Amino acid sequence: MIMRKGWRPVLVLILLLIIWQVLVPLFEVPEWLLPTPYQIGVEAINSWPNYSGHLFATIRLSILGFLIGSSIGLGVAIILHLVPKLRETFYPLLILSQNIPIIVLAPLLVIWFGFGLLPKLIIIILVCFFPITIAALDGFRQTSGELLHYMKMAGADRRQIFWKLEWPHAMPSIFSGLKIAATYSVMGAVISEWLGAQEGIGVYMTLASSSFRTTQVFVAILLIMCLSMLFFAAIVLLEKRVIRWKTSGGGNSNG
Amino acid sequence: MIMRKGWRPVLVLILLLIIWQVLVPLFEVPEWLLPTPYQIGVEAINSWPNYSGHLFATIRLSILGFLIGSSIGLGVAIILHLVPKLRETFYPLLILSQNIPIIVLAPLLVIWFGFGLLPKLIIIILVCFFPITIAALDGFRQTSGELLHYMKMAGADRRQIFWKLEWPHAMPSIFSGLKIAATYSVMGAVISEWLGAQEGIGVYMTLASSSFRTTQVFVAILLIMCLSMLFFAAIVLLEKRVIRWKTSGGGNSNG
Amino acid sequence: TEEAENPGSDVANEQQELQEVTMVLDWTPNTNHTGLYVAQQKGYFEEQGLDVEIILPGEAGANQLVASNQAEFGIGAQESLTEARVQDIPIVSIAALIQHNTSGFASPKDKGIESPSDYEGKTYGGWGAPVEKAVLGSIMEQEAADVENVDIVNIGNSDFFTAVERDIDFAWIYYGWTGIEAELRGDELNMQYLTDYSDKLDYYTPILMTNENLIAEDPETVRAFTKAVSQGYEFAIDEPEQAAEILIEAVPDLDPELVKASQEWLSPKYQDDAAKFGEQQEQVWADYAAWMFDNGLLDEELDVEQAYTNEFLPEEEN
Amino acid sequence: MAELAIEQLTKSFDGTEVLKALSLNIADDEFVAVLGPSGSGKSTLFHLIGGLYEPDTGTILLGGENIKGQKGSVSYMPQSPSLLPWRTVLDNVLLGAEIAGHKDQQAAIQMMEKAGLAGYEQSYPHQLSGGMKQRAAFIRSLLSPQPLILLDEPFSALDEFTRSEMQKWLLDIWQHNKRSILFVTHNIEEALFLADRILVLSEKPARVVAEFKVGFARPRAEDITLTEEFLQYKKDIYKVLKKGTGE
Amino acid sequence: MAELAIEQLTKSFDGTEVLKALSLNIADDEFVAVLGPSGSGKSTLFHLIGGLYEPDTGTILLGGENIKGQKGSVSYMPQSPSLLPWRTVLDNVLLGAEIAGHKDQQAAIQMMEKAGLAGYEQSYPHQLSGGMKQRAAFIRSLLSPQPLILLDEPFSALDEFTRSEMQKWLLDIWQHNKRSILFVTHNIEEALFLADRILVLSEKPARVVAEFKVGFARPRAEDITLTEEFLQYKKDIYKVLKKGTGE
């Protein structure tokens, strides 16, 4: 499915790359400012041994962070949804959590947790959990009144209403949140590596950038983008597997 | 409504502040690492004339960025939804757009647009538009099949189906996206100010941080948080005014 | 430090137990740090019984990390250490890595900026700190120019080369890195070194620092560390090419060309005219602090005695 | 012109045939009722006429024009009310007309009054009872301007009296403002009382198994339901239906 | 024990009274039908018994126990099918039992077969016709274990034959496995054929305006609908309903 439909964006991407490749020499943009896709490609292939370690470190970090972050995000959403009082109380605090700048958090995290995995994970989690929580909460709330009435009349307790009605109903919203979170998780990992790490794309990029090697910086971006796309695609695939019933309905609204 | 329910989070917040206030001297955390809320409060009051200009600059910037960003986000979502081919083509590219690290974008933006307002707006827009686009796209797609069938049978053309069915149906999702975007817009503005600005909370914070005035850094965070909360509250109020019909239904699921 | 607490657990190594020490840089690795990598690579640290891990500061900032003992040692600069001490942050300078300030205001040759008086009517790109305006004012004063006529713009994270491509006429750089990069690119720069215009501005940057706590409780480690570092820098002074190779090997992601050229330029400047590597003079600390205070950059005066010490520098010359 | 001519319509879902070579005709201004077992394909037939799905084979001509897969040529009342939850009842009732571009709020308010929905103009669908929703959907289809109306069990949720009032009202509207009507119902008496002609569908896959011309004069009085002729029709249809279902 | 005793029930929505001092009783194992005009408050009555809303005043006793605002004590079939779109039909049918904690897949499959839904076990609700959805919802309520069943117009979307089969099946189940049933319908014949007793509600605000004891012996044969007695009942009820609606 994805394979078959994938040619279109790939085409546009290739087109964009070609335009880029042509425009850069045309406007005499120097390589240190904006290398051409060809130069980036060559560099990407040649320096594979240099960055492969960094790449795998970032992959591990972001997958771990995403998994923990989205579990926490879902958990928080569920708890806040099931206990309206908690929700009223903590919902505004959630928003606050998104507004602690990393620049301030960074020294505190490092001072409290050292240079290990934990402070980095905390940053990715902080980035990932928010879109999921918001999306899931909204999904839980928007169940159809008619179905809710039936469930209640049938004697479903709060847990049953949640698991049999609200949870499956919120699935599309949750996946929407997961997609956003997956996209952010890679960036989150890279940012967290600026916190002080020995390896990772973030480190690779900072080093490249500080020795003015723009082409390598772009290789790093390329890696980040590919990773995010992979993560996103994985979520889309999962969504297709999980939400099977919506074959008709709004999906094919080719009216 | 908000007023009446607001006491709960405020209470928790106050409790947190008290704990903070008590723990800091207990563990002998020095002020340069983590000032107490009291110290922050005093600083916030005393240095109001120092930062008020910065504050208003950031407010202007983030409101402008949010408005433009969410308009673009909605516009993109609408276009991608209405033209499935465009959607297949550009959806993956949207995700890519979220993975260009600011560190790389910054020099390019500066080269292209100088140090004026535009590059900063671009960063905020980039941060804001994505959650809205994703949420709106998912909202548009999840209209009920039954209603869609009726609309089609009644001869509604694509535009009518969109404006009379999909758009109102997606309202809750769109607001969900707007909430996320509003929250991010303030952070986006602060980050964009690190790109090079004369004034703004971001500038104030960098200065404070580089001269080790931790208390002022925390004042800046306080300002950022208050701003985001205000933005979020504004969106929630707007949502309450716009989505009126959902009085019953899932809302009061106090089962 | 965790392993140090249970010695002999899985250490099948010969010799004595090495003490683990963390060293945090001020930025990404560059030729300012060569001596550290040499000391590590050549085993000078090990000889002193130290196992040193060199880390990048990231967003956390070296000063706080050292102050809070997350890292025992760090690279800093006199200006920020001065500010930090005034804010009661307990860090101490134990060696000057470069004797004289190598920074200055640079501009592409075609901008025609030959001396500070030419700054008038031009645009300066900085990072928005008050100290910049003060320094600019200080050196422009010498030529009876007024800093108010300079348009100061915050360029944030943009680097020098990007900034001067557009809007910006001149910026503040370290010649040993950015200036050398310009040479390698064949860009011609006009450079006004701070030291050429005011002695007060000839402060130490970068410096090696540690925190008061460590000095009080474990001066031996400080002494050992400083000794190894001195050895490393002395090697770098004597053998610039080999030292450059060591740095390139340790941090392969750096540009070797830049490292070699920079090392060659910088090696003679580590010790320069000082009696021995790392030595600091009270005069330099006092003058600069006074200058900062006079320019309203400090809330109170610096207690100079507390800010630095030569006590840990090795006694004998190797 | 609203003559509907359907020829050899076939439609399957996931390999199961639902309609098989179904043909039927509706003359201009004719009122035709469709009877058939539950799940036989009546609603599917409507969906095909309305252009929601394309048939596998067959033709659908309206006024001589091919309307296969073409939407908007009929006024439609679906089996479930399908009101938009975010619109007031009044706005819902106007939706069909709004889509077609003729909106007459005054007429809508009058019709709502006639259907016993006065006072509910500004209510939302979730505040209505089942039968009230159905009436709202019914009005919506009446307010749509197309010359052919498809009604899918429009009165199934109404009590006998409201139902008979609605029936009379429908006949009234139809007589004053001639349109062709295709009407699905499970109520034989209703079909007899309203229609010029009754088509009986078989079980899935549906074909027309019988056709009854209903000869009562128009306008029809309520008491025809008590005539011998009426009872006879009823028995005949019942028998055909029984056979169809029994197979 | 499933005697239901409702006393002086009053309920208003947004200031409009829907039920006004409504009282009724259902004996153990009794089958009671409720007739009443559309919008009178029948579904609201069910919602109150099921505990979805609290009445403004009045008491609801089930087996002597107060069940006001208490959910889960009745088995319920809503007026609209309310199937969960993401569950297969089989899983939907099992939902009521699942909630109550007794799940019998075998029984469900058998029942689906009986209701003509064989082969649709793994389909999703959107693949069913209107009448098929209604039958699924009906089975769902039968599979729920509670001793009192509330059926809100369960057969309104079914054709005469399917409807009569469902009726006979319902009687069969009820006779073999005694439970109390409260049954809303708009079809007088259906009420007469099924119920022990028929309650007629007035227009909004609803009260019980008449009560008919239906004296036919059980088990009931289909041909009682042709007896004189049946017709007489029908006429009487019709008259009461007419008066109620005409007021």
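Miscellaneous remarks
Note that the chains are named A, B, C, D and E in the order they appear, and that numbering of residues resets to 1 at the start of each chain.
Rule of thumb we're sticking to: a contact is a pair of C-beta atoms (placed from the backbone, for glycine too) under 8 Å apart; a residue touches a chain by one contact, two chains touch by 3 or more.
Given the structure is predicted, the values throughout are model-derived calculations rather than measurements.
The minimum number of touch steps separating chain C from chain D is 2. Farthest from chain D, judged by the mean position of CA atoms in each chain, is C.
Between the chains A-B lie more C-beta contact pairs than between any other two chains.
Measuring from the averaged C-alpha position of chain B to that of chain E gives a distance of 50 Å. For this pair, chain C with chain E, the centres built from the Cα atoms lie 85 Å apart.
For the pair chain B and chain C, the distance between C-alpha centroids works out to 39 Å. Residues of chain B in contact with at least two other chains: 33, 103, 107, 111, 145, 152, 156-157, 209, 246, 248-249, 255.
Shown for chain D are the residues that touch two or more other chains, namely 71, 80, 126-127.
Taken residue by residue, chain C touches two or more other chains at 61, 64, 68, 159, 162, 165, whereas all remaining positions touch fewer. Interface residues of chain A, counted against chain E in their complex, comprise 146-147, 149-157, 160, 164-165, 168-169, 171, 243, 245-249. Within the complex formed with chain A, the chain C residues making contact are 22, 24, 27-30, 55-61, 64-65, 68, 70, 159, 161-162, 165, 181, 185, 251-255, 258-259.
Those residues of chain D lying in contact with chain E across their complex are 13-14, 35-39, 42-44, 79-80, 116, 127-132, 135, 152-153, 156-163, 186-188, 238, 241-242, 245. Of all residues in chain B, those touching chain C in their complex are 30-33, 102-103, 106-107, 110-111, 114-115, 193-198, 203, 206-207, 209-214.
Residues 5, 8-9, 11-13, 33-34, 84-85, 88-93, 95-96, 98-101, 103-104, 107-108, 111, 130-131, 134-135, 138, 140-145, 148, 151-152, 156-158, 161, 166, 172-173, 175-176, 179-180, 183-184, 186-187, 190, 205, 209, 217-218, 221, 224-225, 228-229, 232, 246, 248-251, 253-255 of chain A are the ones touching chain B in the complex.
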